[in-house]
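Two complexes are shown next, each including chain A; its partner changes from chain B in the first to chain C in the second.
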Partner chain A sequence: MTEVSIEGLTKDYGSSLAVNGISVKIADGEFISLLGPSGCGKTTTLKMIAGFEEATAGAIRFDGQDVVNVPAEKRDIGMVFQNYALFPHMTVAQNLAFGLEMRRVSRSDIATRTARVLEMVQLSGYADRYPRQLSGGQQQRVALARALVIEPRILLLDEPLANLDAKLREEMRVFIRDLQKRVGITTVYVTHDQAEAMTMSDRVVVMFGGRIAQHGAPADIYERPVTREVAQFVGQVNILEGRVVSAAADDRMAVETVLGQFAVRGIPAAASGTVTLALRPEAVELAGPGTDGTQATVSASYYSGSLVDYRLTLDNGQTINVQTFPRNRWSAGDRVTIKVDGDRFWPLGASA
Partner chain B sequence: MTISARSAKPFLLIAPAAVLLGVFLVLPYINIGIMSFRNPGNGSPYAPGFTTGNYLRLFSDSFYLVQVGNTLMIGAITTLACLVLGFPVAWQLARSQMRFRGLAYGLVLSPLLVGIVIRSYGWTILLGNNGMINRTLINMGLIDRPLALMYNSLGIVIALVHVFLPFMILPLMSAIQGIDPSIEAAARSLGAGRVTAFRRIVLPLAMPGIQAGCILVFVLSLSAYVTPSLIGGLRVKTMAVSVVDALIDTFQWPFGSAMALLLSLTGALVVLIFARLTRMKWKAN
Partner chain C sequence: MSKPLLTGYCLIIYAFLLLPILVVVGASFNAGAFLTFPPQGLSFRWYVVFFNNDVFMRAIRTSLWVAAVSTIISGVIGTMAAMFYIQHSGRWKESVRLAMLLPLLLPEVLTAISLLFFVYSIGIGTKTIAAMIIGHVLITLPFVFINVSAAMESYDPSWSLAARSLGAGPFTRFRRIMLPLIKPGVIGGCLFAFIISFDIFTISFMLKNIGTATLPIQLYDYLRTNFTPEAAAVSTVSIVLTLAVVIISEKVLGLRIHRF
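== the complex of A and B ==
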């Protein structure tokens, strides 16, 4: 299996810098996601790893070996494309056999390996179908099987679930993740869907404007975003201004906010003046009016089954978004009390 | 809407075209078919009574059979040349985002903008013994005597390729545009080099366009009259030229009709065999 190391990777299209000197190490068997809005350079990065785009500068190493000058067909990668890119004139079995034929695998081995992988993606009975005779989800699994059957060093996936409907997309997330763990293949997954990136990945690399804004475990990214951009891209967030009052116990700083004074983690001891704080909507709890906490008015509520989203207006006019379980329900116009644990605040650095 | 009214609708949609084809294609063909069995006339286009003599004459005279063979050969070579020359152009037009794409597209269509007679005369100026090409080559000292570029099959093929290239490029272009570039990328990622990816993936997927373009160019080449008659002159005659000679110059309507039918039928047979050989299983339902 393979460890991937990207160093100072750059793609300059002349008119624009699509990827601007990114460096990241991907451990053997690790599943990492490149997450970001369209145009952030994530797909260009993937294409450079695959060998479809030439890097302007920097290195891409597979197990220490620079592959920048190795053509795509010699890199030994398995790639799944957003639109699956199955060969429409070949049956499922022929699609799977193609990569093996290129590797001069014997006919009988092709048959066994193809059958084994088809079983893995639960498509055993479909070997003789043409791609157009399959549903989107089935085509997706054929694409996955075709990439895996060659037993590549690295698996690359370019927004593979973007064309599926919501329910199937969630099923496929679990399916791909389980399969990846079973096979143990180093995987790079490109997506603009933060939920997808977080549920599937060991590590998430958040990209903006051709640079890595933050990388780390999904929980790191979500709970300790470094910038306002990252915080807002990865889920919903309330951004609050706070004023550092004094040092508090356990490396915390006392910060005064519109929701009251809290002992907040992660603020440098030397800090003074104002800080920007992130507060996730689900970190806020609501109680009936008049109890201890900040008072607010419900201006809208959005019920989505397992959760309810509220938009609250504080007495000073500021808006706070809250997400709770629908245990207690409030409707527009109700007065509520906001309760927050100081540990749920996280300070944001200035955006890069 | 009632069921019968609904099922009548498709027929209404094709009716105008069907009537047009019926009146101006099927009826004339029937007429030609009947004419081909009439007795040759003496001083008139045909005489009363019927005979199979026209066909017997056609099949017993190797002159005409060789001519059929030549015509088919000219058609096949023209088609192949259009395919080989047209594919890279179609590819470039379909795939590149070059700045002058519109201009290039116009250039591809440009042979169709000039009348066929004018264009063929143009070729005689270029290809003749005293023509521009031979003059230039002689003046440059590359050849002593003019190359035979006119009054032979080569000249006809050159001129036909020029005229019919757009009919090859346009269907090829739309077929290539229909091939998702990521399909090629997928082939590359699976270990296929550029050549293999082209042969195993691009070519089969472009086949509908290749098929359409080849059939169009082949059929047009068989039935071409003006270009072969001007460039071939009296020395090389294609079937179409001979048919017109028989009908208009020597006034042998029955024999001319028999030749015309033979030309159509052999052409149709070749197209049928070609379509059969290039049948795409993956396209069928």
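== the complex of A and C ==
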């Protein structure tokens, strides 16, 4: 199995820097996601790891060995494409056999390995079908099987679920993650879907404009985003201005906001003046009017079954988004009280 | 247009296109000594004359040989050009296409004369059949290019990338993935090339060396002094040959488009 180390990786297209000196280490067997909006350089990074794009500068090492000058066909990678890229003139079995034939695996070994992997992706009865005879989800699993059957050093996935419908996408998330754990293969997953990145990955690398904005465990990224951009990209967030009042206990600072004064973590002790705070909608609790807390008016509510989203207007006109379980229901025009735990605020640095 | 009217219109067009051919085929079975229609009695005598005519037999062999060689050369160059055009020509795409189609846009006689000067100025001359083959390749190349680039339009480049990631080098990628998927275009283009090369007159006439003649040239020569049904027999044989090439390629190589 393989450890991947990327150092100062850069791709310069002449007119633009698609990837601007990114460095990241991927541990053996780790599942890492490159997350970001389109044009952030995540796909270009993946293509450079695969060897489809030449790096302008920097190093890509598989187990310490620099592969920058190794052509794609010799890098021993398994790749799953957004449109699956199954060979339409070959059956499922022939698609799977292709990579093994390139490795001069004997005919009988090809048969056993192909059968074993097809069973792993639950497509045992489909060996003789052509790709066009399969559904999108099945084609996706064949693509996965074709990438895994060669037992590559690393698995690369380029937005593999983008063409599936919502229900199937959720099933495939779990399916891919389980399979990856079972095989124990180092995996790089490219997506612009934050929910996909969070649920599947050991670690998420958030990219903006060719640079890494933040990387860490999904909970780190979500609960402790470093910039406003990251906070907004990985979910809904309320951005509030606060004024540092004084130092509080346990490395906290007392901050005055429109929702009241709170002891907030993560603010440097030297800080003074204003700070920008992130507050996730589900961190806010609502109670009936007149109780202890900030008063607000419900301006809209969106019921989605397991959760309800509210848009509230504070008395000073500012908007706060709140997400709660549908225990108490309020509708537009109702007065409510906002309650927040100071621990749920997180200070944001200036955007890079 | 109403349906019966449209059907009638199409039938008239077909009749206009096909009747002369039927007349020629009919005239070839003429028992009389002159090229007339309707035939005066039915007979195979002019076929016997034709198959015993060394000059015509040599011309047919020359035509088939020139067509085969030109088709192979055009097939290879045209396919490579189409691959470049679709995958790499970038912002020069339109210019590349125009350049490839130029031989179709220029009058053939102009191409023929320019080529004649060209082959003499570079020292090939017309002593060998090379000059004629160069001319035939030039004329048939656009047909291969058009057909293959049309097939390449529906070729997804990520198929090549997938093959690469699975360990296939450039030659294997072409042979195992791209070629099977663009095959209908390649075969279609080569068929066009073969049939057109078999039919070319002006270029062959200008660039032939003394003593060799392709079938169209021989036929022209013959008709200048003779007017027997043998000419119709020759035409009929070449029609049958052309049809045979189309049908055999379709059956053996498969012209059916892959449905994805």
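The rule we apply is simple: the second predicted complex is superposed on the first by the 352 of 352 C-alpha atoms of A that agree within 3 Å, B and C clash if a C-alpha of one lies under 4 Å from a C-alpha of the other, contacts with A are read in each partner's own complex, and residues count from 1 in each chain.
Just so it is clear, a contact is a pair of C-beta atoms (placed from the backbone, for glycine too) under 8 Å apart; a residue touches a chain by one contact, two chains touch by 3 or more.
Here the structure is a predicted model, which means the values were calculated and not measured.
Visitor: With the two structures overlaid on chain A, would chain B and chain C clash, or do they fit side by side?
Guide: Clash: chain B and chain C overlap once superposed on chain A.
Visitor: Applying the document's definition of touch, where does A:146 land relative to chain B and chain C: first, second, both, or neither?
Guide: Both partners, chain B and chain C.
Visitor: In the overlay, answer first, second, both or neither for which of chain B and chain C A:246 touches.
Guide: A:246 contacts neither chain B nor chain C.
Visitor: Of the partners chain B and chain C, which touch A:89 in the superposed model: first, second, both, neither?
Guide: Touch partners of A:89: chain B and chain C.
Visitor: Just to be sure I read the superposition right, which of the two partners does A:77 touch: chain B = first, chain C = second, or both, or neither?
Guide: In the superposed model, A:77 contacts both chain B and chain C.
Visitor: Between chain B (first) and chain C (second), which does A:331 come into contact with in this model arrangement: first, second, both, or neither?
Guide: neither
Visitor: Once the structures are superposed on A, label A:50 by its partner contacts, choosing first (chain B), second (chain C), both or neither.
Guide: both
Visitor: In the superposed view, which residues of chain A touch chain B and also chain C?
Guide: Overlap of chain B and chain C footprints on chain A: residues 50-52, 72-79, 81, 83, 85-89, 98-99, 102-103, 146-147, 150, 156.
Visitor: Where on chain C does chain A make contact in their complex?
Guide: Listed in rising order, the residues are 156, 158-159, 161-169, 172, 176-177, 180-181, 258-260.
Visitor: Considering only the defined contacts, which chain A positions touch chain B in the complex?
Guide: Where chain A meets chain B, its residues are 50-52, 71-79, 81-83, 85-90, 98-99, 102-103, 130, 146-147, 150, 156.
Visitor: Quick one: in the complex, what on chain B touches chain A?
Guide: 180, 182-183, 185-193, 196, 200-201, 204-205, 280, 282
Visitor: With touch defined as at the start, can you tell me which chain A residues reach chain C in the complex?
Guide: Going by the criterion above, the answer is residues 50-52, 72-79, 81, 83, 85-89, 98-99, 102-103, 131-132, 146-147, 150, 156.
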